[in-house]
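Here it is: the structure, laid out below.
Chain IDs A, B, C and D follow the sequence of writing; residue 1 opens each chain.
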Amino acid sequence: MADKLILGGHEFTSRFILGSGKYSLDLINAAVHHAGAQIITLALRRANEGGVANILDYIPSGVTLLPNTSGARNAEEAVRIARLSRECGCGDFVKIEIMRDSKYLLPDNQETIRATEILAKEGFIVMPYMYPDLNVARDLAGAGAACVMPLGAPIGTNKGLTTREFIQILIDEIDLPIIVDAGIGRPSQACEAMEMGAAAVMANTAIATAGDIPAMAAAFRQAIEAGRTAYLAGLGRVRETASASSPLTGFLHD
Amino acid sequence: MADKLILGGHEFTSRFILGSGKYSLDLINAAVHHAGAQIITLALRRANEGGVANILDYIPSGVTLLPNTSGARNAEEAVRIARLSRECGCGDFVKIEIMRDSKYLLPDNQETIRATEILAKEGFIVMPYMYPDLNVARDLAGAGAACVMPLGAPIGTNKGLTTREFIQILIDEIDLPIIVDAGIGRPSQACEAMEMGAAAVMANTAIATAGDIPAMAAAFRQAIEAGRTAYLAGLGRVRETASASSPLTGFLHD
Amino acid sequence: MADKLILGGHEFTSRFILGSGKYSLDLINAAVHHAGAQIITLALRRANEGGVANILDYIPSGVTLLPNTSGARNAEEAVRIARLSRECGCGDFVKIEIMRDSKYLLPDNQETIRATEILAKEGFIVMPYMYPDLNVARDLAGAGAACVMPLGAPIGTNKGLTTREFIQILIDEIDLPIIVDAGIGRPSQACEAMEMGAAAVMANTAIATAGDIPAMAAAFRQAIEAGRTAYLAGLGRVRETASASSPLTGFLHD
Amino acid sequence: MADKLILGGHEFTSRFILGSGKYSLDLINAAVHHAGAQIITLALRRANEGGVANILDYIPSGVTLLPNTSGARNAEEAVRIARLSRECGCGDFVKIEIMRDSKYLLPDNQETIRATEILAKEGFIVMPYMYPDLNVARDLAGAGAACVMPLGAPIGTNKGLTTREFIQILIDEIDLPIIVDAGIGRPSQACEAMEMGAAAVMANTAIATAGDIPAMAAAFRQAIEAGRTAYLAGLGRVRETASASSPLTGFLHD
């Protein structure tokens, strides 16, 4: 039986999701062809600026579009963007992003719960970006979220899993896919998230700003697959003293 | 042009080396077929106990044997094991391992330099296991080592790159392949070593003790390839404040 | 001019606050006489069990009592405990603690904001224990909190500043004293929090479980004072390469 | 019985040692009067440039002078500097510093062992600066060192205990005072070293470059004393789940 990521009843074999933001045809191609992305985030507002139709032209068929609500400052704005997105033919998936400020871009957990509840009732497959707070993750699950998307570090910092302790708690306690979003700057960090039991990793900046975009996309794909495989294979424990790999019971005497 | 690891004039495409120690036919098969290992370490003493011939039967043709000197407590013992190894038909490669105690199994850098000098002059391809000390690495290079093999953490602890700061210095300063050996317990740690610019990673315990050995071997292969690719593709910088992935120049107003 | 901690108009010279929980006359004595505590937390429910009067007998005069609402699962319960506390003569200070579960004991940020708003309007000096979320800290400030008390790690884990990145953001962005509460297991961790700019540190378990309680109390006092002094004195920057302390411009030649 | 640091039969109550390098009358005064230093390092070469007599004028009586051999590139040069120092009336203490390059300023362990052996036989109280390698520490002990002085991070980087894992091994295995030297940039880092069981901490840059030199000196003193006290008092263990400080056995019901 294949190892699949299931979101709102849809099955995916890829566990890399392309985040929105730095956006180019090259990046989309790299994400799909080199990172194996089956889900691509789209910032609705940008789409509106250029016309949704144009952007959709870039998205290969078979790839699931994940419109986000970036720019929304509260639940009402997020809900409105989500509904508009569906009307425009962008499908039922929506990533909730609600932020109050533009310095740290930290998600507003409470407004995110409210938007999730409203949109889940309207039949959306809701993927909420959130600050990794266990109580909030429980509320999001109760509100009908299809997964929980905690940040690893503030967006674009490339600091990796600064919230490691709390993401592990979410993985252990919440019965939904945990998708790490934001802060992941290196394949090794994506790999570590997957080893911990994350269901998927979202990235954009780390690939978009690499010297060689297709190569970095491929590196993320491999690192994420490696982490997932290691998680399923079972990892060893950290020890305090050395444990001989080589047979050292008897030192050499003669 | 392919990206190759060159040791003593020999070219390898794989950057995973199977360490010695926990040894079984299953592990060797997993290393070769799932991790893509082209080099397999062999603890000479163990080979002698069971008969070198027997062990060699397990090693697939085309795989380079890397006999090590584990059990040696000084340069003389290491030199003697290396010569014996060559006489037994185990080839010109030798991994120097000289340890004084069996609690932390930390390499004796000074004796390692001495053994390296003697064996390099005798035409061996010398791969010295060492404690990551820049001055010692320089002496090993001067003594004719084919690479430098610093430890990440004490053998078998699975603690990862506890010597990160100093391995980075070796990578930046030494004009030889830097191969991280010992302490690597997870694919993400191997990936990080490669992202830093390590030339290869050696592991044994992490794979040998996994629940699913072939799967963990495959995970290491992917993680190492991911790290190498990311290193070549050029990684981004860590930032202190958020950097919007999504277009947030104008928040939504209506 | 002295460096003072100001909470609700009251001035304190000590920046160590004794947390509640493991409670004994020895601990209170050590906190006051060896750690210099001027504020001592009291779990109201426990007080009720034994009679508030009894507990108050232990608290030296001149020490400010900080009743907490531990055991409350929502804002209403917290508000009721706080009112009861004031009626019992425990004063105007109250530490809000609202937790839904007893495994990780993570604070419920949203209920905490609600309780803070109600109690601040009733004239309480409200000190809310919270999960270090910038948006929530802003709401607590808006609701009339006298300070913000983010956790360093789950209560009693002794893991230290696992939320370092986000506590720093609170310190930089919120114009209220930031008091680190929970998870601080060693004096060095308390010292680091103060170096970052925290206004005070609360601890209990680390002292209560030490082999020598008065000595550990004294150690916390010194470490906190050291960190505060260092913060005020201005710390240096981390550098990537060595910077000679000693004059090395010319190596010795002869 | 007082807790004393013993070096070569001499007793000290202070566990802060002023390193050499950035040198001024203000710094010496701060070290002695605010950090309580009883030992002050002196770079002999600088002393020679200005005349030893002049420098000695600055050192308060009762303070032990610790001449170092900075500038020495090998054992012979270090030995010569040490002998000169004794002839000049600088006493029997000597800190061995032998470095080959001026970029990372990492000590040459092997030459340091040689110099230690020669000077210990001549009656010096030898304090060797070293890269924290267990085998080398054993050789230094065997060669007659009065203590072992491992680096925390390259000199002047302020990175703290990057060699934490290996310094702990030295503390556990070597029966000599372990004095952490170099890399300590903050009082909290000095405190942590002492909590681990280090016997003393040496610093210079962190204090010399502070905005307020006397205040930072005082902060180091307190942090070091706090760490020592905590070490002697016995520290608690890190736990994976929360442990209620407050009585939470029964949540509030009504």
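Definition applied: contacts are C-beta pairs under 8 Å (C-beta built on N, C-alpha and C of every residue); 3 or more make two chains touch, one makes a residue touch a chain.
Molecules present, by chain and UniProt name: A, B, C, D = Thiazole synthase.
Computed from a prediction, not measured in an experiment: that's the story for all the values here.
S.K.: Spelling it out: a chain qualifies if it touches chain C and also touches chain D; which chains qualify?
M.R.: none
S.K.: Validating interface symmetry: for the copies chain A and chain C, is the fraction of residue numbers used by both over half? Same or different.
M.R.: Interface between chain A and chain C is built from largely the same residues.
S.K.: Could you state the distance in Å from the CA-based centre of chain A to that of chain C?
M.R.: Chain centres of chain A and chain C, defined by C-alpha means, are spaced 34 Å apart.
S.K.: Centroid of chain B to centroid of chain C, CA atoms only: how many Å?
M.R.: Averaging C-alpha atoms per chain gives centres 46 Å apart.
S.K.: Do you know which chain C residues sit against two or more other chains?
M.R.: 103-104, 106, 154, 159
S.K.: What chain pairs are in touch here?
M.R.: The set of touching chain pairs is A-B, A-C, B-D, C-D.
S.K.: In the complex formed with chain A, which residues of chain C make contact?
M.R.: For chain C paired with chain A, touching residues are 100, 103-104, 106-110, 131, 133-136, 138, 153-154, 159, 162-166, 169, 173.
S.K.: Report the residues of chain D in contact with chain C in the complex, numbered from low to high.
M.R.: 19-22, 43, 45-46, 68, 70-73, 77, 81, 97, 99, 102-106, 154-159, 182, 185-189, 191-192, 195, 204-206, 208-213, 215-216, 218-223, 225-227, 229-230, 232-248, 250-252
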